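In this document, chain identifiers A, B, C, D and E correspond to the written order of the chains, with residue numbering beginning at 1 in each.
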Amino acid sequence: MKIVDRRDEAPGVRTLKLEFQNPADHEHFKQTFRTGMFGLYGVYGEGESTFCVASPETRKDYIECTFRQSGRVTSVLASADIGDLITYRGPYGNRFPIENFYGKNLIFVSGGIALPPTRSVIWSCLDQREKFGKVTIVYGARTVADLVYKHELEEWEKRDDVDLVLTVDPGGESPDWKHRVGFVPTVLEQAAPSPDNCIAVICGPPIMIKFTLISLKKLGFDETNVYTTLENRMKCGVGKCGRCNVGSVYVCKEGPVFTAAEVSRMPQADL
Amino acid sequence: MSIQEQYKKRVREILSSGAVKMVIGYQAGTTADRRRPLFIRTPEEAEKLVLDSACIANLSGYLVTEGLLSDEKSVGIFLRPDGIRSINILAAEAQLNPEQVVILGFDGNEKEVTALQGEKAKDFTAIIASIKEHAPSAPRNPQLEQIEKMSPKERFEFWQAEFSRCIKCYACRQACPMCYCRRCIVDSNQPQWVNTSSHTLGNLEWNVVRAFHLSGRCVGCGNCDRACPVNIPLRLINAKMAGEVLGAFDHFAGMSETQEPVLASFKKDDSETFIL
Amino acid sequence: MPQCPMHRSISSFILKDCIMAKIGVFICHCGENIGAKVDCTKLAATMGEHPGVAIAVDYKYFCSDPGQESVKRAIRENNLTGVVVAACSPRMHEATFRKACAEAGLNPYMCEIANIREQCSWVHNDPVMATEKAADITRSMVEKVKRNNNLQPIEVPVTRRALVIGGGIAGIQAALDIANAGQEVVLVEREPTLGGHMAQLSETFPTLDCSQCIMTPRMVEAAQHPKIRLLTYAEVVGVDGYIGNFHVKVKMKARYVDTESCTGCGDCITKCPNKKISSEFDCGLGKRPAIYTPFAQSVPNKPIIDKANCTYFKNGKCKVCVKVCQLNSINFEMQDEFIDLEIGAIVVATGFQVQDNSVYGEYGYGKYKDIINGLQFERLASASGPTSGKILRPSDGKEPETIVFIQCAGSRDPSKGVRYCSKICCMYTAKHAMLYAHKVHGGKSNIFYMDIRAAGKGYDEFTRRAIEDDEASYLRGRVSKVWEENGKLMVRGVDTLLGKPVVIAADMVVLATAMVSQPDAKDFAKTIGIGYDEYGFFNEAHLKLRPVESSTAGIFLAGACQSPKDIPDSVAQASASASKILALFSKEKLEREPVVATNNEATCAGCWGCVLACPYNAIDKKDILDRSGKVIKRVASVNPGLCQGCGTCVSFCRSNSLDLAGFTEKQIFAEVMGL
Amino acid sequence: MSEPFEPKIVAFVCTYCTYAGADLAGTSRLKYAPNVRIVRLPCTGRISPMFILKALQKGADGVLVSGCHPGDCHFTHGNYHARRRWTVFRALLEFTGIPLERVKFSWISAAEGGKFADFMNSVTEDIRKLGPFDQYQRLINETEAPATL
Amino acid sequence: MTRILLSDKLDNCVARWRKAGLTVIGPVKKETSSSYAAVEKAADFDFGIVLPDCSIKGLFFPQTEPMTGYTIKKQDIVTNDFAPPAEKRIIFGARPCDASGLAIDDPLFGWDYKDDFWFQRRNETVIVTIACTKADNFCMCTSLKLAPDSTKGSDVLLRPLQNNKGWLVEELTDRGREAFKEIADLLQDGSEQAAPLAVVPEKFNLDACVAWLKNPENFDSTFWKEISMRCIGCGSCTFLCPTCHCFDFQDEGDTYSGIRRKNWDSCSFSLFTMHTSGHNPRSTQSARWRQRIMHKFNYFPGKFSVNSCSGCGRCTRQCPVDMGITETLQAISTLKP
């Protein structure tokens, strides 16, 4: 795929916008991609890395992916420039069943670098805004600098039809920070969204997910109405290589999207 | 009283007195000639202890298991002299505090074992010194001598044949008390110095690099050799390197807790006959 | 693609970081220097095909202004991410091109030089092979530069205090220049007095003014300067640290005389019973007592006890000096002391020695008293010398009627002496002949020479004066033997201009001895960490462009410790060193090359082998604490201020946690894989 | 093979001595065999045994390592450390059957342009005589061929 | 009436098969190690080996396998995919447990995306197993409800004759029958008795163990820590296992060309599941050992209806610290469900 745009989101975090070179591949993507799915992005000679497709299913002309530069592949991807080509296979995995969300209120809870998968769902919904009820987004990061998609956060903040709650961990605020300070689960509890007719989509580091699930339970959410996505380490993407296993679940095949009910049936320690 | 009973008694004593929080020893294994590591935490558990000539594994690697010694309590451990040397090296390389290690020393041959007097690693200095003393004249592995006699080409073929079996399971590394790195060089992939694939080139690179990293550090306990599921005679390489380091630098690994690593130190008059 | 195969490439899109890079390759013809052997046009075409190369061009001279401009333009126009200049050695123009890159907005460390001149076109005959090799070299550098990182210079604080080692004319000059600019100086001299060799000289060429008359005021000025701390009879025994932050250990040798209380009255010197000691200052031509000052104008003018020759130290009896000293300044219990100094920059001005002429057995030096070397002649001719300036034969005190001067006694002689020219002998021999002519009327000087090298302001005129006005007789040729016959020294040589052997009966023979490095120069160089050549002269960072800097940052050279020099050259170099140091001291912080080691604390196993291996003690042990302050693990941590970037730690590191910026594992891996 | 065998040799040198020595050979216009490719490093202390293995993997028929004479190291004692490392690594190579004639070590100072040129010639000549490093090439080929069994 | 293959005909069989273009593979002993390796003549076989060091798995799923290669020239990238090998093979003298292991892994490689490397090799390889008449202390096929004469995964089963002069031939699949057609004339009819099978005592009650494992409460049992305390996290058990199948992708190469390879990996390695963030779901060795046991006897059967263990016992036999599935399951048997 060809890199057509790139953007720095936060220190070490970059977004690439990719366009298909091969029409057949693009056609396949258009037909199969639904929000929540992931892909394997690679560079020959270095390897492949798994990230979700951060762009929504309502915009299928391109793929956006956001990643933190950490390993061998991501550091090469981070150095890629507009016009460069990278490999891609996918989309793999299951999806957020957003047609089941029609007519419902939505609350998105996300932390740090885990906003990209949530963002795919958010835009998928916002692009057909009329089909949904109230939309609330709770997003937090360690520090102000670590917040990703800052330009979109601004956009959401300005929209009347979206409630955006931003927070940073205590100590991570900057002098001009005018949003909340506190951990995401705490802030979520303060925002106290009503569980009635509401779907929650949460995504974040394992520890955040764990406490957010507790908070949502406290708020009265039913486990079947809470969706999350597990970002396990994956290599093959087709249910063979064994590393994404949680219990008998192959996250790459049967996930990465699960309801909290499904997650609670998994061996918690392996998450 | 047999040595096993003596030591059982001592294990009970040091556990009940609180001198140690745990003793690492041996117990009976799946078959008659096998011993498996045993972790004794109560005086009662000492009953399971077995100490005989089949106890050959060097258990010192368990001491550097993350967190075991972090509470500053002592741990008792059954060690042969090679194991005690491992403790010295681990201490010299700042991986553990030798004061926390209570050594239940023993030595012996294929038939019987005898007790070694001492408690802390430094109590065994004289024993280790005498082993060093005898090292140059000690009987050498006949296979090692045979390999040394080969032409380089034959040696190359020999090792290729051996290494070709390597399946890159890294059991040698895991079994080795000296391989304590948090991230092994093969797991470092920027750049990938060592090919992780188990083609013969990758196998050669891995085994050469491991042998290099063990040069001057290997005490010859044979853990790697025994761990290798495809029976590559890894001990030969390491024994050869130990001999080289002893010959070239008079360095015998694990002499003391303060011994400088051979490759991090130098003498201005080190031999350099090979340098043109 | 639903069956998107995990082990299949996917239609058309594949790439690797190498292609992602945009490297510019600039191939310099260096006139004919490269162009004649390496087919630069072909090389540019080859490199243009290389993955990741955005532009590859060749040009006559890239180091020229238009050349550099074209590089800058190419960087801007092509958005280059890295630059490889295939040209001369990086030791020549790396800095030039890095600067050019910086000016074009590219991080200077994204520029690498492929050396296709010194290591390719100049050394290979076959153009095909040379071109092939040039391609390999360039390709390998392209691969490296793809993995280069943007580096920022490191700032380190500067201790604004200079150390000058050596109190001869070079050292004094450097010290005064620095001190006069208002910076602190510590001047260390290992002899009991300042002065060095220049204080021993009689008159100086080409003006024939008295050496001591110009020297001693400088000595006094240095000693009394408020910004100069003078440490005589002291030696630098250890230098640690790095530019801006040296830690220097100086040994203050015991003088056995308390210089604080001593007034330099000299009573002890006159009363000392042991007066038969050969004077070093007079090159053995005079005598001195066991407690002495080297010469009358010594600075400091305080005596010192020569322990080896002092009767008290030898026999435990005497103490005459103690008795006569009314100030109780004599202290036989005195011990060597060590002092530590914090220093920002160092001038090494340790001077030279004259060669031991006894290697010339055929000349009879040491066998015949009247064969002396040039320095001894200086003492004879000096008004403060053993003969009060009269030229007298050491053997019998008579005025010599004929003197033979032998030039190049040691210099330019690979067999017994040194290969190089000592530079000053032609001049001082001419001077000696003139002084002799002025002092001994009718004295006849014969000078055997090889070439007269008198390049310098007023120098050739000076030698001509010796020949024309003072009738020195110059014979072009070598002396083969000197022997004694009837109280005369018979000198046999050859006059190559006449083409016949000559024998001259002389009263005195003066050898123009070679200048050589101090006998302990190599050890000293190792102590302070600078390079030296095969003769023991200290190496400059660059013979032409950085002639006053040593290879170690922050250590500068002045005077004859670097190579044979006359006084003007020594003084010039000393002033140059001083100005370099003043430039260094003009900033509070110093920018250093960011080629330093870094440690990945996440993967470091904390074995601390690197701590032992580091030659600069630049690696510390560091505890990683959790939030409650408990030690989670202990790792190594590199102090970038101390690190000099040798990389010894990197190749030691078993877990591959250490790396060296500028020469990272990734870069070298790529470089090797690119070959 | 009709063409004479031209060995491929990789040299790892320190920048302060041997690299400068090579420059001196250049400025002195000494001619030597063009088979050697130099990798410049700050110090011999930086030269890790991995470099040598990788050079062999890249098909080098010979490897040279060279730096400052003992005592002359710009970094005071990087070369002493390197010397130990080489002693050990050489023994290891020898024991695994990699012919030592293919891996050479030398001290060449910045002043020894002549020695550098001579060394390049002699090593090239030696390795040319030894012929290509077939044994190793076999291993390299194996990494490129698909496993069949 | 049964058909018999006599040992002295084996050399001829090998020659026939080889002539027919088959690579003949069998248990071979070389000095200190034994393996399944190619043979040229009957004498190369060593049927005395209880079990070769490594399982048969590597012949179908090699330790390292190139998948795709690439070559880069300027901006053009040429890739070439490695085809699954078309080589026809016959493995003569496989152990029933090893053959079972292949059958166990078939559904894994076949679900969702069908791994053609695996199946190409499976389809092109005839597996002739020899029922075990010898077993050692580590063998435990019976505990896994298999037997020394299991036919699972085999194309032909041979039973050693009592007189040790040959084998009774039991053709199981078309593939097997096809291969034995080549040597049909070398077989003979006979009424010899098969030698008694090896006695492999049942070491644990599999059903009880599985029940215990399936109880979610036991997931966090301290049992796991106790049992795996001496585990040093080497991968040998997983690498030797006939059914372990985890793998990794590894790119090898340089600027100009390279290969993407599939290499064995192991759930015993701490880096196996490490996230880029540094979070490791299975951060302790006990968690990794639990995963291995759970995967074999709970998760895998949950998905593919078969235990991922064929009872070869290699995990214990070669374990440097004498651990293994046997010990763990034996210990579990003694626990309350």
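Going forward, a contact is a pair of C-beta atoms (placed from the backbone, for glycine too) under 8 Å apart; a residue touches a chain by one contact, two chains touch by 3 or more.
No experiment lies behind these values; they were computed from the predicted model shown.
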Any chain that touches chain D and chain C: B, E
Neighbouring chains shared between chain B and chain D, ordered by label: C, E
Chain ID, smallest distance between chain and overall C-alpha centroids: D
Of A-B and B-C, pair with higher C-beta contact tally: B-C
Longest centre-to-centre distance from chain D, chain (CA-based): A
Most remote chain, CA-based centroid, reference being chain C: E
Centroid spacing, where centroids are CA-atom means, of chain A and chain C in whole angstrom: 63
Geometric centre distance via CA averages, chain E-chain D, whole Å: 45
Centre-of-Cα separation between chain E and chain B, whole angstrom: 32
Distance between the centres, which are taken as Cα means, of chain E and chain A, whole angstrom: 39
Shared-contact residues (touching 2 or more other chains) in chain D: 49, 54, 58, 71, 77, 81, 85, 143, 147
Set of chain B residues in contact with two or more other chains: 190, 192-193, 195, 197, 199, 202, 263-265
Multi-chain contact residues (two or more partners), chain C: 4, 6, 9, 14-16, 18-19, 602, 613, 652, 669-670, 673
Touching residues on chain C, where the partner in the complex is chain B: 602-610, 612-613, 621, 634, 652, 654-657, 665-666, 669-670
Footprint of chain E on chain B - complex, ascending: 29-31, 34-39, 57, 61-62, 165, 167-175, 187, 192, 195-199, 202, 223, 226-227, 229-231, 233
Residue ranges of chain E touching chain D (in the complex, touch as defined): 23, 25, 38, 59, 62, 64-66, 69, 82, 85, 87, 252, 254, 259
Touching residues on chain B, where the partner in the complex is chain C: 93-95, 180-185, 188, 190-191, 193, 213, 260-261, 263-265
Partner chain A, residues of chain B touching it in the complex: 189-190, 192
